[in-house]
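Below you will find the structure I want to go over with you.
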């Protein structure tokens, strides 16, 4: 059976593995939510928000890959199947159908805010166990918080 | 309320809308499945399959966007939220955990085969109602069938 | 005298030639109309619409070339001189002077709608006589309908 | 109502506005004429002239945009609709149908010559009222005269 | 033994396989013929035709790959060995030695014309059995007919 | 001591040096003001204006370099230190803190207008003394006036 | 009124906000000082130092943007107006006029040294309150220290 | 009749012409054989060999052009028609149908080995008559031998 | 004599200097070892591993430069001469001669594992003395651990 | 006989033609002189000056082409044969053999100075006869004066 | 005094130096002649020859640099001043004024032929003294002979 | 056991293998030495030499790969492990610690000179046994001699 000799102790590994798996699910869901609104937004700000959402998708997809491969690197099998994402994402439900532009911005502010809160906790949790993973989380948090600012400023 | 005056009759629109929504879900799931195995594959062919799977992801993501925007173009709100994908994808369950390379190839052969069968039916179904959508489906089918060949040849 | 031996019968050629010449004129006019509003639009959405219109111009110019060269390929001399365009375009008159952004969007919705209706008829008409030309028309229609959606969503 | 406070006096503005509008129409027509012959030329020099004409189109389209935006910059609404171009272009009629290569070159020599003559007058006319516009006209004239040389040399 | 489960019935597969194999041979031979003249052409139009022929080679090589991989995709082994090409190409013999430019153009007009005639039949033949392959043939035909026009116009 | 033998007379050099130093300060300040609002703008048009302001920054920075190096070329030491800019810029005070999008546009209209007025005087002043510097000023004016139009149209 | 709900406590926010505002001012001034010397340096090492200074400008400008946007992200309005920079920069006065190359290097060694000292304090200060901002400061410090080395080595 | 005054004596030219014509045929056949296997290979190493073979095709096509143009340069008409290639290639027969990956590698080792042996003789033969052609052959041999190593290592 | 005034205390500098010099040697040796196997690997996975090893070389070379320049930045002369590397590298001996692919993977797993262990200690050691250097070590560790995973998965 | 109908009167044409021919010769010689020193410079500043001289060559070659084509555009045959350049260049003799770096800089200061003086006269001379040519001369002068500054600063 | 310790004996160096200096002059003159005709050619093949000549210029300029730097490398000061080129080039006189296209081709055939004859002698002469220089001459000869073929084919 | 059937006789292979292995070691050491000084150089010419050394590194690394793969191609296992390089390089010892710029140049002149002497012997030795390897050595020698010139000219 395939086993990776991890550089971390078992306890540390458990902590880091949970944080990575949680981040993975949040980011995959963020990419799906952003795409969902990318296609369903309507209103005078359609084009601007339509484009802005694809930048969120790019951020989410890029970090998704890094996070999942970090899990594999530590010998932890990552799980980002649709059912797993649907069951454990930290982002609340998004309604189906067309979305007015102002509501689209609000939805992203909420979704990003939810993920950021969890990321800040993960930055704390991984500080001792694995500074390498923590460094990755810090970069993800920085990017998400920047997107968060931009959507807040949109409705400012 | 936002309504698009569709160039199609109501009956034709119903047919095309179902085909587009089904394709959207299948392609999103295909991208998630391919990424899942991209991260979990192990064995002597790891690197080769790891890279090959990202080409499937690229194909799936690119067509996902075109299909969802085609739905919006016809006035049909696309739905690719995680729960929708988990509930209605045409691809069977993928087991969690590490995957041996030979099994990874088999999983892709099956997943691509399932989607292709449905795409061929959709090509038939949209021939009369909307040749524009049909043309899009034909191109998607061509790309999926090419990936299908390559994974079959891998285990040939 | 220069004569191309066409792969089509005379009747089929007549049908296809009319469809190509009509498409050529519509697309040239679409590029002129989109540029006219690109320069004359004013209002809070100026920048967004100004940029969006250049994407319509790119689409129109690119297909213009393909359509005219397809006519030449079949031995039919294409005609896209200014007077011909002014006399036979399927797009209605565009008023002179500055255009408010909301009206700019409405004008494009109408212009694109008019051309799309004619393109759908041309797709029908060329199905039997020349599938090569039909395939070209299907691609043009797909692109125009996507632009149509985006402008509709802008005013949604 | 939308009004731009122009940096020019009313008289100067009138002079510059006329020169810009005239240039705009000439350049749009030049691009249409060059494309018309690009598609209709036949003869042993077909390929060479076909390619050369697209360089004229590039020049014309690029300066068209600059000229129209210069008009808008000065608060003058530019007008490049097909009917306006057909009615007021400084380029003479171009016959319909196929064009022998030697005649294609002659047509371009004439068309470019006609526009250049008008551009030289506009360079004179705008010297005092607006050196910024004049500078733009000088660059356009330089480019058109270079094309003029090349077509003259072709038939030399 | 390696077998691909084809999405087509046996009869349909036979029809499509023949059309694909025939196209493959024609396109490989077209690339060899175009290169042969690319190197052997002489006369005042040498440079123009020398360059134009490499564009035919590009078209032929690109579609060759797509056609052969489409055959493999359907489970049909493609055959483009030199002897097979020499024995079954639809293009007539090309004389050895230097070729005057006017004859070079004539040779290409004939070669392209021969392949186009066969492609149009293949478009017909694959309409029912496999619209995916038919769509590919339509695109190849469009490209070849465009080259055909250009060489006809050269000698117009 | 370092002295450049200037191609200009002392009087002419004095005139040109003043104009270059003034332009340098105005452009550096324009880049700082545009960045200040780039970071502080809020409101529904946030993203559009945020992006548009960076294009002003690009224009200002690019011409800043050309203007300062033109001064050095004429043997005049350029001065763009923060205190110099703060003391002698032609742009009025910009308030601290967040800026609503409509006010952001107004601030840029004013700032660009103030610099343009001074640039037009500098174009006049350098006509005789140094046509090389004048040519540079004309290009700067053209670029600034185009940005001025776009911000005016935004609030049109 | 526009308010961002910060993920930091009020005390932490105050600490981080001061550090960000101080960094912003230092970096803007560094870019102005480096440009000032870029234009005024003379001597045998002119070209080498002229080019090297533009790399400092690039570093400073790039981090300026990141720092200001980090402030906005935390709900703190950044201030980089000329007067603010002139009043609160950590870099000492730079003399006006031409600068000998050896002095130019000395000036940069001093300027970079001053900013680095302050950056090291800011890295300390933000460790607890906000690791995301700290990470950004660490990267800025690394880049500035590398430039510092290169200018020290120049006069070594 | 078209005659090039060769810089070589008649005897030397004969030697060099034979070597160039032989190389041309070998390289065209190598490109056809590599493509044939590129499409027909199956097995666990499918993807790796599929990609590796296209690099052989690139090498062969690139040198084919150089060799044929070198022949034309010396006044010798090159001949790379399908029948000529089929009749005179130095590469043995390749079986039709699917090829297991290990056999695919073996086929390439043999094909490359056969051409390399002939190339080494041609390097010898052209040493005195034409060092320019010899230099070209040396480069071709170097490239082919490198491919030869890689396929040998594959089965090592 | 050339002395850099370090921002670190003497004790901290000693710790950091040792860590940097050790990392430098390890990374140079890693690049040499990876190249050695890049050239000597044989077996069915030759091509895959040959390519994968060059990615290790790229990582090692890139970080080598950053680490050595970080040492210079702190005023510590880096030493990466061949004899120094041979004497003090943390990677064990690599046998001479050809290497079977499975052994090649094992060698890299060991080499990367040895360096990673030392890097994790260096991350610990530099936490207090110099967070800038620590941050650099964290990034190096992340990259090496990712390569480590991939080679482990290869033999999984 | 080939005659271009010039837009200029005979007297104006004579003035402009002389200025263009003189500029052409000066620029060709400048490119030869700069290359001569590029190859022959020695001394501690070798690399810096070696690179800087190639930028002069680029400037000279680019403007050479524009100037010569401007002459042809006006119907004046340009003459830049080696003997013409040797006989009529405005740049003084350059000694043969190795050149110390400080002398290399001095030679360029002199050569650029000589050409600039003549360019300023040509800018004057063409003001009335042909503003298009004058505009070209102004740009050349600007570029040469910038190079002049840089070489003066080198020896400052 | 600057002296390079040459790896060649004095006799060998003399031979190689003469060959390099002669090549340098021939190539500079070739670039001047090709540009001269590039600007002065007229006739139906104007555009084709105009473009073709710039490819000769590119070849000549590129090898000029390599040859001159090879001389410097061997410690021989290269001389490519206009007077030296005019006095010692191996290319015959080129008449002033406009050149008909057919004569332009003839002039290039002669010029290239003259240089090639001398290059073949230089290849012989340097075989023993310096194979490095010989290798360079062989590459130059190959490139010139290819251009020679193309111009001969043009008039074939 | 892995054996490559070499195209060379045993004696020839022995000669060529020794030359390749020697070159490999020299080039790896040259890259390490150049990097060592790249990081340790100080003085007014720091930046120029720092950059110039990276070009030596690029040359050395690129040829290292070619040489090692040439050895593998001939069936000879290359050895470039640190200990082998330290033991058998042709470059003398380089002192540890900071290096003044003038000494840095001297070190490179010596190092390059030592390798060039050995390369010239290897060019001689491989002339008969393997012209393919000899051609590679000639190119390496040409590149190294050019770097040698540039460093000599630096201290000229």
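First chain written, first letter: the chains are A, B, C, D, E, F, G, H, I, J, K and L, and each begins at residue 1.
One rule holds in what follows: contacts are C-beta pairs under 8 Å (C-beta built on N, C-alpha and C of every residue); 3 or more make two chains touch, one makes a residue touch a chain.
The model shown is predicted, which means the values in this text are computed figures rather than measured ones.
Visitor: Across the interfaces F-G and D-J, which one involves more C-beta pairs in contact?
Guide: F-G
Visitor: Name whichever of G-L, F-G or D-J reuses the B-H interface, so over half of the contact pairs are the same residue numbers.
Guide: Within G-L, F-G or D-J, the interface duplicating B-H belongs to G-L.
Visitor: Just the number, please: Cα centre separation of chain K and chain L in whole Å.
Guide: The separation of the two C-alpha centroids amounts to 31 Å.
Visitor: Can you check how far apart chain D and chain E are, centre to centre, with Cα atoms defining each centre and the answer in Å?
Guide: Inter-chain centre distance comes to 42 Å.
Visitor: Can you work out the whole-Å distance between the CA centroids of chain A and chain K?
Guide: Computed from C-alpha means, the inter-chain centre distance equals 62 Å.
Visitor: In angstrom, rounded to a whole number, how far apart do the mean CA points of chain C and chain H lie?
Guide: That pair's centroid distance is 49 Å.
Visitor: Among the residues of chain E, which are close enough to touch at least two other chains?
Guide: 2, 42, 45, 48, 69, 72, 98, 135, 153, 156, in rising order.
Visitor: Any two chains that touch count here, so list every such pair.
Guide: Listed by label, chains in contact pair as A-B, A-C, A-F, A-G, A-I, B-C, B-E, B-H, B-I, C-D, C-E, C-F, D-E, D-F, D-J, D-K, E-H, E-K, F-G, F-J, G-I, G-J, G-L, H-I, H-K, H-L, I-L, J-K, J-L, K-L.
Visitor: If you look only at chain H, which of its residues touch chain I in the complex?
Guide: 45, 48-49, 51-52, 102, 150, 153-156
Visitor: What does chain G use to touch chain I in their complex?
Guide: Chain G residues touching chain I: 113, 116-117, 120, 123, 134-135, 138-139, 141-142, 145-146, 148-149, 152-153, 156.
Visitor: Sort out for me which residues of chain A touch chain B in the complex.
Guide: Those residues of chain A that touch chain B are 2, 28-29, 32-33, 35-36, 39-40, 42, 64-65, 68-69, 71-72, 77-83, 85-86, 89, 94, 96-98.
Visitor: List the residues on chain F that touch chain J in their complex, please.
Guide: My answer: residues 2, 4-5, 7, 69-70, 72-74, 131-132, 135-136.
Visitor: Write out the stretch or stretches of chain I touching chain H in their complex.
Guide: The contact residues of chain I facing chain H are 41-48, 50, 98.
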